[in-house]
Structure formats: C-alpha cells, structure tokens
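Working notes, beginning with the structure itself.
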Amino acid sequence: MAKKLRIGLIGGGRIGKLHGTNVQNFIPNAEIAIVADPFANEAMEAWAESVGIPKVTKDPEDVFASDVDAVFICSSTDTHAPFMIKAAKAGKHIFCEKPIATSIPAIKEALAVVEEAGVKLQVGFVRRFDFNHKAVADTVKSGKLGKVYVVKVTSRDPEGPPMSYVKVSGGIFMDMMIHDFDMVRYLSGSEVVEVNATGAVLTDPGYAEYNDVDTAIVTLKFANGAIGVIDNCRTAPYGYDQRVEVHCEKGAVQDNNHLNNEAFVSTADGVVSAKPTFFFLERYNDAFVAEEKAFVEAVLNDTEVPVGGKDGLEPVRIAAAANLSLKEGRPVKLDEIEA
Amino acid sequence: MAKKLRIGLIGGGRIGKLHGTNVQNFIPNAEIAIVADPFANEAMEAWAESVGIPKVTKDPEDVFASDVDAVFICSSTDTHAPFMIKAAKAGKHIFCEKPIATSIPAIKEALAVVEEAGVKLQVGFVRRFDFNHKAVADTVKSGKLGKVYVVKVTSRDPEGPPMSYVKVSGGIFMDMMIHDFDMVRYLSGSEVVEVNATGAVLTDPGYAEYNDVDTAIVTLKFANGAIGVIDNCRTAPYGYDQRVEVHCEKGAVQDNNHLNNEAFVSTADGVVSAKPTFFFLERYNDAFVAEEKAFVEAVLNDTEVPVGGKDGLEPVRIAAAANLSLKEGRPVKLDEIEA
Amino acid sequence: MAKKLRIGLIGGGRIGKLHGTNVQNFIPNAEIAIVADPFANEAMEAWAESVGIPKVTKDPEDVFASDVDAVFICSSTDTHAPFMIKAAKAGKHIFCEKPIATSIPAIKEALAVVEEAGVKLQVGFVRRFDFNHKAVADTVKSGKLGKVYVVKVTSRDPEGPPMSYVKVSGGIFMDMMIHDFDMVRYLSGSEVVEVNATGAVLTDPGYAEYNDVDTAIVTLKFANGAIGVIDNCRTAPYGYDQRVEVHCEKGAVQDNNHLNNEAFVSTADGVVSAKPTFFFLERYNDAFVAEEKAFVEAVLNDTEVPVGGKDGLEPVRIAAAANLSLKEGRPVKLDEIEA
Amino acid sequence: MAKKLRIGLIGGGRIGKLHGTNVQNFIPNAEIAIVADPFANEAMEAWAESVGIPKVTKDPEDVFASDVDAVFICSSTDTHAPFMIKAAKAGKHIFCEKPIATSIPAIKEALAVVEEAGVKLQVGFVRRFDFNHKAVADTVKSGKLGKVYVVKVTSRDPEGPPMSYVKVSGGIFMDMMIHDFDMVRYLSGSEVVEVNATGAVLTDPGYAEYNDVDTAIVTLKFANGAIGVIDNCRTAPYGYDQRVEVHCEKGAVQDNNHLNNEAFVSTADGVVSAKPTFFFLERYNDAFVAEEKAFVEAVLNDTEVPVGGKDGLEPVRIAAAANLSLKEGRPVKLDEIEA
C-alpha cells in the first residue's frame, strides 16, 4: 500500500475538527497522528477517538517533535505565524488556515522562514476548491472567453457575528472580504493594483463603535487592465449568498447560489424554491475536502501547492489597502502597501 | 405600396375580436374590410370603429358576397364547416379556428369542397407559433438531436370552464387535449397510430355527470416508432401550465413555462419567482399574431400554409380514438377511426 | 367615445418612428396628428401613411402652431431643450426623450419654462416601465423587505457604437450609464449623494482617443444611507445584459435577463439555453408602449407623470459627478455639482 | 460512548463496497465487522483494510454465525431472499438491496420468515432519501397542496447496460422502472391499483431479442383516485435524468435535475450550463448515506424502518403488472397479480 502522509493537527476547535474529521474519513493516503490544543479535554479526546486519531496533547511542541510529515495549523489567527515558523524549522510541511496573520511584516517573516526551510506551505483559501467557483475560474483560464474585462464577487453572510468578535475581527475587509480578495485574484489570473472602498453601517449600529462597517463595496483595478467589484454584507436572511462573475471579450461566465435542494412549489402565491445553503460549513463542505486532498497530493508527489505563500500575503495587503481607502476616502494603490 | 390582403371576419366574439384587432394593428399587408356577427350591436360597432374596420353586418352572406380575398372563421364550432364550404365556393381563402368540426364526416366534406375550390385553408392551431414550442420543434426538425424517442406534453388550464360549457364541449379530448394532439404531431414530425387513454374526475364531480373527466393522461405511438404522453388537468391554481419535451437519440429539448416576469425575491421563507402567465390570451398573445402573419403571407405569396386541412382533421381523429380508448379501457389504433 | 389625445411628433428617426408606430397601434386614446422632421422625405411619408399619420412636415414650428395637445420630442439631443421651451410656451404637454440636455444649466432653463407654462413633462427613462425591473422596484417599494442596503445594476450593450458616435456621445456616463443612474434612483427610492467611478478601455483602444472608457464601475452613496454599484460594458457578445438587484434588511430581490425563449437543449456537450434578447428595441419593446400609455393617461386624467423634470435632471448631475470622479480619481459628492 | 451497531456485509461488489465504505466513514454509531463474498480476493482484502473492516470471508455462513447485530445484503439478486431467510433465522436485522426477488412467492416467503423472526427489514429503495425527491414528497405529505391529482416521474439512464445484462435483467420494468414504481407510491402516499404500459425498442435493436423494450411509458391509477405516469429510457447522452412532479389541488411540486455545477457561460452561441450528474453513484451519493443512517437509527432506537417489507413487495407486483400489460396490450389491475 502507498505511503500515507502523517499529519499533526494544531488546534481542535471548529475548523480543526472539520479538517481532522475530513482527513480521517475522506483522504485515504493521509492520517492525523496527533492533535494539539491547549484546551484539550475529555470531549476532544472522545472526538479524536471517534475519528481514529491516536494521540491528543495540550502542547503543540509535541507535534513539532513528533514524526509527522506535515501540520495543519487551525489555531487562533494570532498563533498562525509563530506556529508556521516552528513547523518550518522542524521540517514539517504546512497547511495553514487563513489569514497567516493580519500584520504584513509578520506574514513576511513567516514566509521567509518557510522558504528557507524548503517545506511546502498551503494557505486555506477554501473557496478556490468550490465546484461552482472552480468551474468559473477554469472557464476563464481556458482562454475560450478571451481577455478578462470585469470580475465581480457578491458575498453575504446569513447573519453577523457577535459584537465581541467584531471587536477583534480586524474589520470587514480583513475578516470577511479577504476571501473575496483571494477570489478575484483566482478568477482574474492577475494581481490587484488599486483599491477603492465604500462602506456603510446598515445592519447594526454596533459596528460603528468599532470603526467597522457591515456593508461594503470595493472596486478594483488589476495588473492586466481588467477592473472588478466586490460587494459584502454581514446579513442576508435568505442564507449564504456566494456568487461570482467574470465578463470577458467573448462572453461571460458566472455561477448561481447553491440551494438546499432543487425542488420548487407552484401555487397561487408564486413559484417557491429552496433557499441558498445556510453558511460556509454547508456551502463549502466538499471544498474543504478538495483542498485537503490537494495539499496531501502536493506533498506526497512533491508538486506545487495550489495556494501558496504569496496567495496568503496578497489578500492581506489588499485588505490593508481597502482599510486605508475607506479611512481616507480615496483610491489606494497597492504600491502604497508594504509588499 | 404592396397589395393588402382584404379579409372578412366571421364572428365578432372574443377570438374574432382578437384576430381582428391583431390584423388591424400588426399585419401591415392585410386589413379587415368587414365583420359579420348575428349578435352585432353598438358595442361591436364601436369596437370595429376603434380598430378601423369599415363595415359591420349581421349577415355572413354579406362577407361571401363581398370582394374580400379571404375570411377568418371565428364563429361557434358548429358553424365552422358550413361557413368553410360557403367561403370556398365563393373563392375566398380561409383561416378557420379549431376545430373544423367535431364530426369527422363533416370535416371531410368541408375539406373536399375546399380542395375542389382550390382555395387555401389554414386551421388555427396557434401553439405551433409560440416562441417556446417552436424553438423545441425547430431543434427536433434540424436533425441535430437525431431520431425521436419520446414526445411529452403537459397542459393544464388555470381554472375549469363552467359546467354549462362542459355539457357541450365535446369532452376533454376534443375540447382541451386537441391542442396537444396537434402539438405532438408538430413536435414528432410523425403521425399518431395508437392511443391509450387514462382519466379521472378529481377537480369537480360535475364532470362525471357529463361522462367527462377533468384529468387525463394519454400515451401515444407514432408511425416513426416513437412513443409519447400527454397529461392534462382542468385546474392549476398557479396559472397556465404549458410545457413540451422531446427526448431523442443525441439529447433532449424542452421548454419551461413562461412566467409573468423574471424577478425573484429571496427571504427567510425561500426564493419566490413569478407565476406562469394566467391563460391562453396572455401566453399565446404573440403566437396569434404570428399565425395571422403566416396565413397572410401564404395567401399573398401563394405558398403553402403552415397548418393545413390534414392538420385540422388528424387531431379530431386522435381525440375520437382517445374517447373510445377511455370508454372501452383499451388501446385504440387510429386505423379504427374513420380517415 | 372618449377624447383622444392629439400628439405632434418631433423627429422621425428610429426612436421617433418607434413612438409614432406604438401610439398609432397600441394607444387607443391617442393619435399622432403630425410628424415634423427636417429630413422628411418620401420614405418618411410612406411610413406615416402606413401607420395612419395624416401630416408630415419639415418644420417643427408647424407642430407648435397646430392644435395638438402634446408633443413627443424625439429629435437629436442638442435640440431637446430648445424644443421643450417652444412646446411649453405653445401650451403643449411634453414627452421628451432622454437626456433633456447634457448641460445642466440648459436643463434647468427648460424645466423652468415648463413649470412656468404649467404643462406636463415626462422624460423617456423607459426602463422604469420594464416588467422585470418594475417588479423589483415594486417589491422594494412595498416595504416588505424593509430597509434598503445595497442597490446593484449591471448593464452591458451587445456591441459598441461607431467611433463617430463615441466622439459626440458625451461619454459612457452621459450616454449609457445615465439609464442606470435613473434606475438606482428608481430602485432605491432615494437620491444619490456621492459617486466614485472606475473605468478602463478594454474593448477598443478607440475610446481612449476621445478620453472615454468602454468599461466602468461606479459606486454610489444614497441619502437614505444605502450604497450601490453599477457596472457597464460597451460589448457583450451574448446580447443585451440588463440585471438589477436590491439587497435589503429582510431579503433581496433581483431579476434575470430576458431570454429569446425558454427552451433548452441537453446533450453530451451541456445544457444550452437561448441568449438574452439582442438590444434595447427587443428588450424594452413592451416598456416603450407602457411609458407612452402612462404619459397619455397622465395628461388625459390630469394626474402626475411617473417620470418628471427632476428625474430628467438628476441622472445628468450624477453623470457629471461620475465624469469628475473618473477624471480626478476621487469620490465626488453630488453637492459639488450644480443643482 | 453509545453502542455501535455491528454489521455484517454480504457481497463485496460495487454496491457492497459503497455501503461498506459509507458505514465506516459516515455512520459513527455503526461499524462493519465482517464482509463475506464468494469472490473475496486480495483486492477485496485491501479495500476492507483501507476502510477498517477487520474480517473478510468467502463464506456467508460466517456472518450469520457471528455476533453482528445486522446484515447488509448486497449480493446478486437471486441470493437476496435466501440470505434474508438465513439472516432472519439467525436473529439479525436486515438491510437488503432491491429487489428482494423477482418472484413474488419468493418475496412473500422471505417476508414471512422475517416477520416470524421479529427482526427489522429495510429494502434499498435509495431514491426516497434523495434531497430533491424527499423535498417533493414532504411537500405533498404536509397537505398544504391538498389532494393529489397527478404523479409524474421521468427517469433516463445515461447509457444502456451490456446485452449480457439485459438478458438476465428481468426486463426494463423489473430492473429499471422498479425504482419509479417505488417512487410513485412514495410521492402519492397511495397504492397503485392499475397499470397500463407502452414500450418501444428505439436505442438498440438488441433489446428486442430478449423480448425487452428500451423506452417505456406506464400510466397508473392509484387507490386514492389520483393518476400517474412514468417514462423511462435506457439512454440519455446528457446524463442521468431524474425528475419527479406531483400536481395537486392547490398547486404543483416538482424537482429539476441535479447538475454537475451551477456555473453558466454566456456567449454568442447561447447560454451553456453544466449537465446533470452522470449516473446513480454521483446522483444518489448522499442518499445512500442517508438510507444507511436511517436503518442504523431504526435498529438502535427500535423504531420503524422507513422502507419496509411491503415496500419491497409492491414495486415487484407493479412491475409484473406492467410486463403483463405490455405483453397483452391492455390495462392490468393490480388485483390480477398475486398479493
């Protein structure tokens, strides 16, 4: 039987459990050998046992000291970069949840260590692995629609986070739209060179207290000449709204929302279909598995990871530019942001 | 300026007014010169004036005696065949609403006179001119889907007719499904050779009193080997349901219902679209104009009409076969029905 | 019979003929009594005769001196305001094609004369009468979705105009996006207070020669706090792309493109539907009739016109703001533009 | 930790492996303890190891003699009933792939033994667990659409089976339409009382050699008065076509096909969407897991299974009636078939 990639999981919270369960169930050529979480307790041990993870520890150093080939960093955002550095120095390949950090120098430092160590790094921009968005990107990449003119992304969460989270989230651009900043790079095949942000507090006045907005529209210019726009809103009572569109020289490609089912009821009141799936766990369920498989394949076959270090850095730079644009009420060139 | 076809309109009821108004407004190379209706009154004169029809009479003989080139027979069904015969003998080209008659010998007699007279005859199977169904038929006819396997038609009225009408309607096959019998001939490009009818009284027990059903499914065999099915129901609270589908060797072609608009509202309760258009006047609005134009063009250019005498006879034969099949509870071959 | 509104048509070009033909065919309580066009010739006389317009003249003064109740101003843009002034002084009600003028002072002068004269003025923003966009606007207006958060409009022409037209068009904002500036006011029920424009030359380098762009995205702020975005492109090989969307507190409402038909073909190559209707004549066909009816009704019943003078002025101000924003690379407040 | 249901798997072919893999990966409260297959070999052992099944045997008796609580019978159709009887006598709960047998007496004998033994039996009509069809059935069951009028099912395979299989398949009604016979019972909530079959050989003349057809339409009458129709075709080059529809007193509910993705491309050639998923493994992927979970829950909680013995018998009776109807060219009452 072929070699299995042995993985250490750092962080056993919601997203850590998701990755761990997926790897154990769906990735035949990988296995989680150890999970580390400072809050490890009986419930976490029970979960680990239920999915066949043999070891649970409170100390992440146990992971770096173990014989695992790779780590999945799923801990809180502020610990991503430090753990990346430790993992790289221990010679472990790294899958790191997004963002690497909200500070650009911190990201750069971590990326430098990773490069120095020669280990692979994949950043968790999961939407690239979604069946719908991927079909759109693949169509653009195929070249059959010719030159890219306009890239559009709509992203709305079903409900806003608690204000306790808003306080520390880094703001809508760093916390929510960062996925879309990655998406426009993925869809356009080009780098963002200018950002122009508009925002408003509409869903809850609480956002204003943290100098944040809950609704935002950002226009973008790309290196290849194309332009783009992203609109975000923290609430959408009908579910998770996730649509992308690329208008090109020879046509346009776009995707519809993914609905809970494809049944519809026609009555005197109208024709009623199901709502979009509720939130990211429902919507990007299969995409998480696809990104995990992609990482495992890249390590085992020593090929390039699909979402690398630069892909981890650029969205953070774009988010920083958007923050500056919103604050100063002007377009901001990416050149103004530390690279 | 090019010659205008001069038309006499026989029957100024709902369907007569529809054809008359359309010809006056939308068919530049035709004009209604006279309208005859035994119930002609001030209201009808006002309508005629409003659309520019110069003459109104109670006597249809005035039409046959006039210099019009063609007649539109829009009177009650029992008068279609006698008026066709008179019109043909007077050398007028004929557009006749469906059905020519519910009696096969009556149809055959009228068709024989028409043929003898050498005038053109178009029968009003308007759905062939609908933009959706025509797109389906044209795709089949193009041959790109290869051999026809299965033809399917769904047809539901928004609401049933009054029982006073049910009493004299000739039954669901002769009155309602007759359009679909025409449609399957149109879509398949082949003749029906066997009919197998199932029916039920579900929407209103009143239908049973007249030995009629309100819901029916008829399976069909075609001369080219294909098979088919039509389902009808007298009521559909969501509007006029009109869908066709042809499954072929290399693929399938079908159409969706035509909705009142293409807006949709997403809320916590679901995604709501508009209903299908209410009934045949809304749904086949443009198709009526297209069939009128086709008749006028065929006469002016002396080309073949798109829906001729045989197209008027065959659906009545199929309806007769369906009636026999339902009554005797067995498949009926078209050969059993007078041709 | 009820009084018919007598109308004088000024301008017998494409859009003039469209309005004239529609009024003659579809508006029973109105009639075109005279058409004036400096280029009146035999062809125009033939057209007038074919639709029953009794008089053709080269001199617009003949219209103002006639006994018509109202005029339709369908001449070249630079003549709209002067003709409006003459018509108002002659006591004629006015339907004027958009834009009234590209100069704000010119618009204001004309509006002042109209107000002074006490005649009605409707401006030809036809998209408000489209069945899809109206359904969206009516849903927002009903209040059932609560507060407006985001208004989005996508508008793409199937093909760009000739460069000779680009030269004099006033630019993409004044010529093309002006419809969308009207649309966002209509959809949001609020006034635009800030404009932020991004643009690019992507479809044809010729636009750059006239300091124009062919692709543009404009973000907007509204007086009610909502934000919005419009994206335009001069070319879309798949047809006329016309979609609007309003995201609100309790849900979102949007419309799909109107396709040539609702048939679809499934083969080994995919599922193929029809394209959007080709351009504005096909797409807004019924909307033109609806706006004409609305004007005629408003005059005959002495009620408010649905699209008045302010609706003619504001989109021009927004377009001026967009031009300034694009030129200076900064958000522009509407207050900066003459009101 | 809660008790895990211990399961013995009988048959390690395609469908057996599917169930086995699913149980091991997705059903936390169940585990496959042993798999028996007369063709057990190294590959099967490797598969068993990969999904964590500890024991592989060639002898099914090893399963019945083991301490498992339940068995999954996934062997060839002719062995279903004998294995059911052995399992029941050994006191094992039973999940059995459909059909139990093609002979009605054989089914009845097996069901009698199961009842005598007091073990649970679930039959593998997996489509009841599909998210789309279930949404349709749940809508009907909710009663909000009122009385059922018409039930419709369309089912087309992407490609026909090899002729070697056709020879032994039991014919299109027993092999393919049997799923739809189950579906109409599920959707209508009523029993079939009459069957009327039409069929043709259109895709491959080979079917005729085995007295089979490749395309069939069957109309049905239900005990509650409703009527229905199923159409099947062995080939559909665009993928697996699986649609159901129920027309009721107050409206209709239906589902669309499930497509590979929800992206679409608009070009000058039309608007192209993805095809339906290829075949049953892709389409009913999640439904298999749902049916396995339902069985496990019913056994662990000692509740009723969702698809029981009668549900295993009736579709076979309907298929027998359809065979008789096609052979004799007449409607067949279910009463004519052994119950």
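Letters A, B, C and D name the chains as they come in the text, with residue numbers starting at 1 for each one.
Heads up, the rule we're going with is that contacts are C-beta pairs under 8 Å (C-beta built on N, C-alpha and C of every residue); 3 or more make two chains touch, one makes a residue touch a chain.
Since the model is a prediction, treat every value here as computed from it, not as a measurement.
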Interchain contact steps from chain B to chain D (minimum; 1 if touching): 1
Chain whose Cα centroid lies at the greatest distance from that of chain D: C
Selected interface, B-C versus A-B, where C-beta contact pairs are more numerous: B-C
Where chain B and chain C are represented by their mean Cα positions, the distance between them in whole Å: 39
Rounded Å distance between chain A and chain C, as computed from the means of their C-alpha atoms: 42
Inter-centroid spacing, chain B versus chain A (mean Cα positions, whole Å): 57
Residues within chain D bordering two or more other chains: 236-238, 241, 250-252, 266-268, 274
Partner chain A, residues of chain D touching it in the complex: 1, 25-26, 28, 46, 49-50, 52, 131-132, 134-136, 139, 145, 250-258, 260-268, 274
Residue numbers on chain C that touch chain D, as the complex places them: 236-239, 241, 259, 266-276
Chain D residues within the chain B interface of the complex: 147, 149-150, 152, 154, 156, 196, 198-200, 202-203, 215-217, 219, 221, 225-229, 231, 233, 235-238, 241, 247, 249-252, 329-331
